[in-house]
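Two complexes come next, and they have one chain in common, chain A, joined by chain B in the first and chain C in the second.
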Partner chain A sequence: MLFVAIVAQFAVGGLTLLGLRRRPANAALIGLVVLASAAAMIVAEGVGVESTPRSRVDWLPALGFNLTLELDGFAVLMSIVVLVLGFGVLLYSLAYFEHDATYARFVGLFMAFAGSMTGVVLAADLFTMFVFWELTSICSFLLIGLNDTSESARKSAVRALLTTGAGGLCLLGGVGILQTELGTTTFAELVKLQPSGALIDAAIVLVLLGAFTKSAQFPFHFWLPGAMAAPTPVSAYLHSATMVKAGIVLLARTSPAFGQSDVWRWWVIVAGITTMVIGGWRALRQTDAKLLLAHSTVSQLGLLTVLVGMGTSTALYAGVAHLLAHAVFKVALFLGVGVIDHELGTRDVTKLAAARIRLPFVTSALVASTLSMAGVIPLFGFVTKEKALVALLDAELGLAGSVALVGVVLGSVLSVAYSVRFLHALLGEVAPDGTRGDDQQNGEHHSSTLIARTLLGAPVIVAATASIVFGFAATQIGKWLVAPSTSLDVLAKSKLVLWPGVNDALIISVVVVAVGAVVGWRVPLAVSASPNSLGERMFDAIYDSILSASKKITQVSQPGSLPIYVVVTTLVVAVAALVGLLRDGMPSFDAFVTDSPLTVSVALLTAVLTVGVAVVSVRFTAAVFLGGVGYGIAVLFLMRGAPDLALTQVLVETLTIVIFLLAMRSMPRNFIPASKWPPKAVRVLVSVAVGVLLPLVALAVYSARRAPSVSDEYFTRSVDEAGGANVVNVILVDFRGFDTMGEITVLAVAALGVVNLVRVAERNRRERAS
Partner chain B sequence: MSLSLLVLVGVLFAVGTYLLMERSLTRVALGVGVLGNGANLLIVVAGSDSGQAPIVGRPDQLTDPLPQALVLTAIVIGFALLSFVLALAWRNWTITENDGVEDDFEDRSLVSRKEGTAKPGDAPHHEDVAR
Partner chain C sequence: MNFRPSAILDELVDRWLSKVAVLVAVYVTFRGHNAPGGGFAGGLVVGGVFVLQFLTGREPHIRHRPIRRPTLLLGFGLLVALVTTVIPLVVDASPLESHIWKLNVPFIGEVKVVSSMFFDLGVFFVVVAVVLMVLLSLGARGESLVGDDGVGAS
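Up next, the complex of A and B:
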């Protein structure tokens, strides 16, 4: 059943991309039904049941790699978040895209993405998660680049794909190490084993790299703001509420297993708080509301990383709670800004204020969600942030714990500050010129019907309402969150309250809000100095240098000239042969037998003819000499006891001469001169080197034989089994009959090629003649 | 092991390699033919001793049939290859009046091309954002 929920979403995606391209709205409606029924199924199967439903598809059982899904508490919570937010965003997109030609592609990729993400959260082992993880990377790449005519969108898409893709490779390395070391990658088993050791530490680092790239943790935080090139529904869903949470899901799943390792803890805490502070600082300096939210997402992901990865039970619980809170308020914020953009045509923070006249409901929803983001009572964000502070205060992790606490407090101050900036934008004075200028330029923005505006506004308002209701119902929500967090770590049992009473955490919170408000209010609107962050510039520098290095290597290694290729290839072979000969000693010359005078004279004649092929400058003579070489070799075969070879050689050589003459009949008498490079001396030198070294190698090979030939077997079985006395013939048509069939096939394919080439040439000649 | 045949193998390989480095497509085809002969002879010489034809029932020392079976296949495939190369040469000549092996155009242009003009880090800008 669990697989059905995933496959159905992919099926809708495929159907949209293949069959319903012209009717994307219908496809979206089918998608809505599938998302809703999948969510209903998840609730029916997973809530309040005794045993956790599992399903499994064997993939590579011999290597221990199978697709395993499990619907435990955390999976229920996360898949409901994924499916319900997906439902809301898809609903919103119906009105957002209107007549946009890319909508069909959006719906198809969106459904495929929702399916992949459901797979990530349902995965019961690291391998299954990796498979769906990569699928989300690909979908994200395609969705960021949805507007494929924009160069910057394409660039951002490539940045995101390469960053998350590299992380995915690291994760695969981690999966490999764990599978070979422990024989399992199942999360439950890993938690039970509590593995440690040097190799496990390497696996931990690889898994963390996977999680950090996906969740845009420092130093990989740069790709996420760039991903905002995607349309708003994509940004809202993938890059704030779900996909970037995949890294957090991975951390949450593996933290109970690895959380006690020092490597894990320090990496997680340092990366998390650095990300939180950098993201908050950069969010403070944005003037584009969408980018402000993008940087705030980076910052919030940092906080989640610290909470979920820190390795203490209370922090894990707080992390799960904040994960929910963040998904709810961030999706509302992104979609709300999208509505303003859609209706007013601006996302500039200095112009947002006009929205509260035109869009009062959406603006109120945005205000509520922003307050939740800042962690202001009585919203859900306050509840979870309090829990986070309590967890950090109680962590007892020594220096690491103190670093985490200080970092989170600093990051929270910045969170409040950019929230205040955003509120100021929403509630501040309407700029004197208002949005009139924009309105005139974007006249079509007024055309939104009531239905469209309802579709756009409803998900925003519902999500914002959820932030409020969850806040007041904190105790109940807290009880519901126990199942998800205990399914990760049995000890992660705690509760949420709206009003905790005056304690250390509350005092810190009050100070944070006060300081943050002053910072956000007072610090002037500092526009970001550079359009690119340091991370983006570093990424581009590495990317460009790899490209130019590969271009240089190609320029050197692939000059496009056949003579040069032959020289290089031959020299490599010659040097390899020489090294082999020098290392193992020259072959002994004892093996030679005395040749009969006839053999010597035929060989000599053939050698002279061979040299003649290269020396003569007349085409016809060269071809005849080649034929002579062939006949000479046929005679030598005959004298060595190979009559079949001699016969074949004579036939083939005759045919070759005929074909040569046919091909050359209209060509000029003499050859064109050889190219200047390589010079003749080099060509002769290379040829002589091959001519000397290769016979030596042949001699060494001959002398190296120790075992008897497999032909002894052929001799004994030839007459009885194949009914033939001529062993060469029996081998060809019986023992190795399939090889001969392959040979005949090659001959047939070559004949077809020859016929076509000649026909093309003939047709061309006739056309020119007429 | 026969010394004269071994020397002949060396000559065949040397001449074949030399011809492959030429500009004229016909000469390259000749080189393919010579190299093919060299390889066939090499396998027979290094793979078996001289002797009577490998037919069951003959009284004398029989030679090893396996290299012969391999080489028989190789002769035929070498012939197919040579025919194809010659057909290419014929087509090339009839259409372009040219018997030369040209340098690969794409590769040459890559060698002579200047570095790309795109500057590192063209940032995505929100004005490009699709709607």
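Up next, the complex of A and C:
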């Protein structure tokens, strides 16, 4: 059943991309139904049941790699988040894209993405998670680059793909180590085993690299703001609510297993804190509302990484709670800014204020969500941030704990500061420079129908309402969250309250809000950001240097000179033969049979013709000599009892000579010295060496047979099993028929290659002529 | 070399040699299972016919019909070979496993047909097509006999 929920989403995606391109809205409606029923199914199967539902599809049972899904408490919570937010965003997209040509692609990829993400959160082992993890990377690449005519969108997509893809490879390495060391990658087993050791530490680092790249943790934080090149629904869903959460999900799943290791703890805390502070600082300096939110997402992800990865039970519980809070307020913020962008045509923080007149409901929803982001009572964000501070204060982790606490407090100040800046933008004075008038005109130009505005506004308002309601119902929500977090770690049992009473955490909160508000309100930090951040520039530098290095290597290893290729290839063969012969001694010449003087004379004639090919200077003569060599060999085949080979050889030679001659019509009559290198002496030396060594190797191979020849078996089986008396033909069409299949395919490709090369040459000639 | 149609050669090659050679090719192909021959050799014999026709200054043709789309023949041959490879999978045998039918043909007697014969036929068609394609593209001088999608331009 769990697989059905995932496959259905992919199926809608595929259907949209293949069949419903012309009617993307219909496809979106089907997608909505599928998302809703998947969510309903998850609730029906996973809530309030005794045993956790599980399903499995064998993939590589011999290696222990199977697709396993499990619907435990955390999976229920996360899949509901994924599916419900997906529903909201898809609904929103109906109005957002309107008649955009890319909408069909969006719907298809969106559904595929939702399916992959459902797979990530339902995965019961690291291998299954890895498979869906890579799928989310690919879908996200395609979605960021949805607007494929924009160069910056394509660049951002490539950055995101390569960064998360590199992380995915690291994760795969971690999966491999864990599977070979422990024999399992199942999360539950890992938690039970509590593995440790040097190799496990390596696996931990690899898993962390996977999580950090996906969740845009320092130093991989650069790709996420770049991904904002995507349309709003993509940014809202992928880069705030779901995809970047994949890394957090991975940390949450593995932290109970690895959380006690020092490597894990320090990496998580340092990366998380750095990300939180850098993200907050950069968010504070943005003038584009969407980029402000993107950097704030980076910052919040840093906080989540610290909480979920720290390895204490209360922090894990707080992390799960904040995960929910962040998903709810961030989706509202992104979609809300998208509405303003859609209706007013601006995302500049100095011009947002106009929105509150035209879009009062959406603006209020944005205000509520921003307050939740800042952690202001009575919103849900306050409740979870309180819990986080309590967890950090209670954690007895020594230096690591103190670093985490100080970092989170600093990060929170910045969070409040950028939230206040955003609020200021929303509630401040409408810019006096006549922008309002422009916006009004633009607004009329953009103005959408009531239905469209409802579709756009509803998800924003619902999500913001959820932030408020969850805040007041904190106790109840806290109870619900116990199941998800205990499914990760049995000890992660705690509760949420709206008003915790005056304690250390509350005092810290008050100070944080006060300082943050002053900073955000008063300190003029906003600068128009440089087009590329340091991270992006470093990425580009590495990317470019890899490309140019590979180009240089190719230039050295593939010089494009035929003489050099031939010399290198034959020399390698000759050296290998020589080494073999020196090691094993010269072969015996017993196998060198001379049964008739005719054989000897034909062989001699062939040898003379071969020398002739090498020495004549006229192409035509060389081709005729070459044909003579072929016929000579055919005669030898015939004499040694291989009529099939001889027949084919004669036919091939005949055709080859004709084709040679045809091709030669457009070549100079004589050979011209094509290149100075290698000099003649080298050519002669190499040819002689190969000519002497290869026959010796052939002899050695012939006399080195130890196992009985396979042809005896073929002889006995040929008539009975394959119904043919000619064993050569039976080998070709039956015993080794696969080889023949491959050979004729190669033949076909070669023929197509010849046709196209000639065609290109002709086109060039014609162009030169005209 | 000058490729001008020559009446005597034309007559000889067209009327007699090519027909006999095609018969030989078919014979070589089908006897292959029990005696020297087979699809590859048979295909090359037909290729030889085309070379002869070409050298008498005409496009390769069979029964006065020029073959305009050798790529189609190529695909057809590959398809035949592939289908013979795959069909045993349908009846739960390993790929390319031979099946032997013994048919009673009136006046001739028992004829043994082996399924791998069809594979050999696929090879035959591929080889014929390859020879044709190479001949048509390399043999053309100045303007190609093979047009933009393998269609003869003449």
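FYI, the second predicted complex is superposed on the first by the 565 of 770 C-alpha atoms of A that agree within 3 Å, B and C clash if a C-alpha of one lies under 4 Å from a C-alpha of the other, contacts with A are read in each partner's own complex, and residues count from 1 in each chain.
One rule holds in what follows: a residue touches a chain if its C-beta (ideal position, glycine included) is under 8 Å from a C-beta of that chain, and two chains touch if they have at least 3 such contacts.
Just so you know, these numbers come straight off a predicted model, no measurement behind them.
Asks: Compare chain B and chain C by how many residues of chain A each one touches, and report the one with more.
Replies: B
Asks: Which of the two partners, first being chain B and second being chain C, lies in contact with A:Val690: first, second, both, or neither?
Replies: first
Asks: Is A:Ala607 in contact with chain B, with chain C, with both, or with neither (first, second, both, neither)?
Replies: A:Ala607 sits against chain B, while chain C stays out of touch.
Asks: When the two structures are overlaid on chain A, which partner does A:Ser666 contact: first (chain B), second (chain C), both, or neither?
Replies: Both partners.
Asks: Let me test your reading of the model: by the given contact rule, A:Glu762 touches which partner, first (chain B), second (chain C), both or neither?
Replies: In the superposition, A:Glu762 touches chain B and chain C alike.
Asks: Of the two partner chains, chain B (first) and chain C (second), which one does A:Ala722 touch, if any: first, second, both, or neither?
Replies: second
Asks: State whether A:Asp734 touches chain B only (first), chain C only (second), both chains, or neither.
Replies: A:Asp734: touches chain C, not chain B.
Asks: Once the shared chain is lined up, is A:Thr745 touching chain B (first), chain C (second), both, or neither of them?
Replies: Second partner only.
Asks: Regarding the shared-chain residue A:Leu655, is it in contact with chain B (first), chain C (second), both, or neither?
Replies: Once the two structures are laid over each other on A, A:Leu655 reaches both partners.
Asks: Using the superposition on A, tell me which residues of chain A are in contact with chain B and, in the other complex, with chain C.
Replies: Common to the two interfaces on chain A: residues 643-644, 648, 652, 655, 659, 662-663, 666, 725-726, 728, 732, 740, 747, 750-751, 754, 758, 762.
Asks: Within their complex, state which residues of chain C touch chain A.
Replies: 1, 28, 32-41, 44-45, 47-48, 51, 54-55, 71, 74, 77-78, 81-82, 85, 95-98, 100, 112, 114, 116-117, 119-120, 122-123, 126-127, 129-131, 133-141, 143-144, 146, 148, 150
Asks: List the residues on chain A that touch chain C in their complex, please.
Replies: 643-644, 647-648, 651-652, 654-655, 658-659, 661-663, 665-666, 721-726, 728-730, 732-734, 737-738, 740-741, 744-745, 747-748, 750-752, 754-755, 758-759, 762
Asks: Quick one: which bits of chain B touch chain A in the complex? Just the residue numbers, please.
Replies: 1-15, 17-24, 26-30, 33-34, 37, 40-42, 44-48, 50-57, 62-66, 68-69, 71-73, 75-84, 86-91, 93-95, 99-101, 103-108, 110-111, 115-116, 120-126, 128-131
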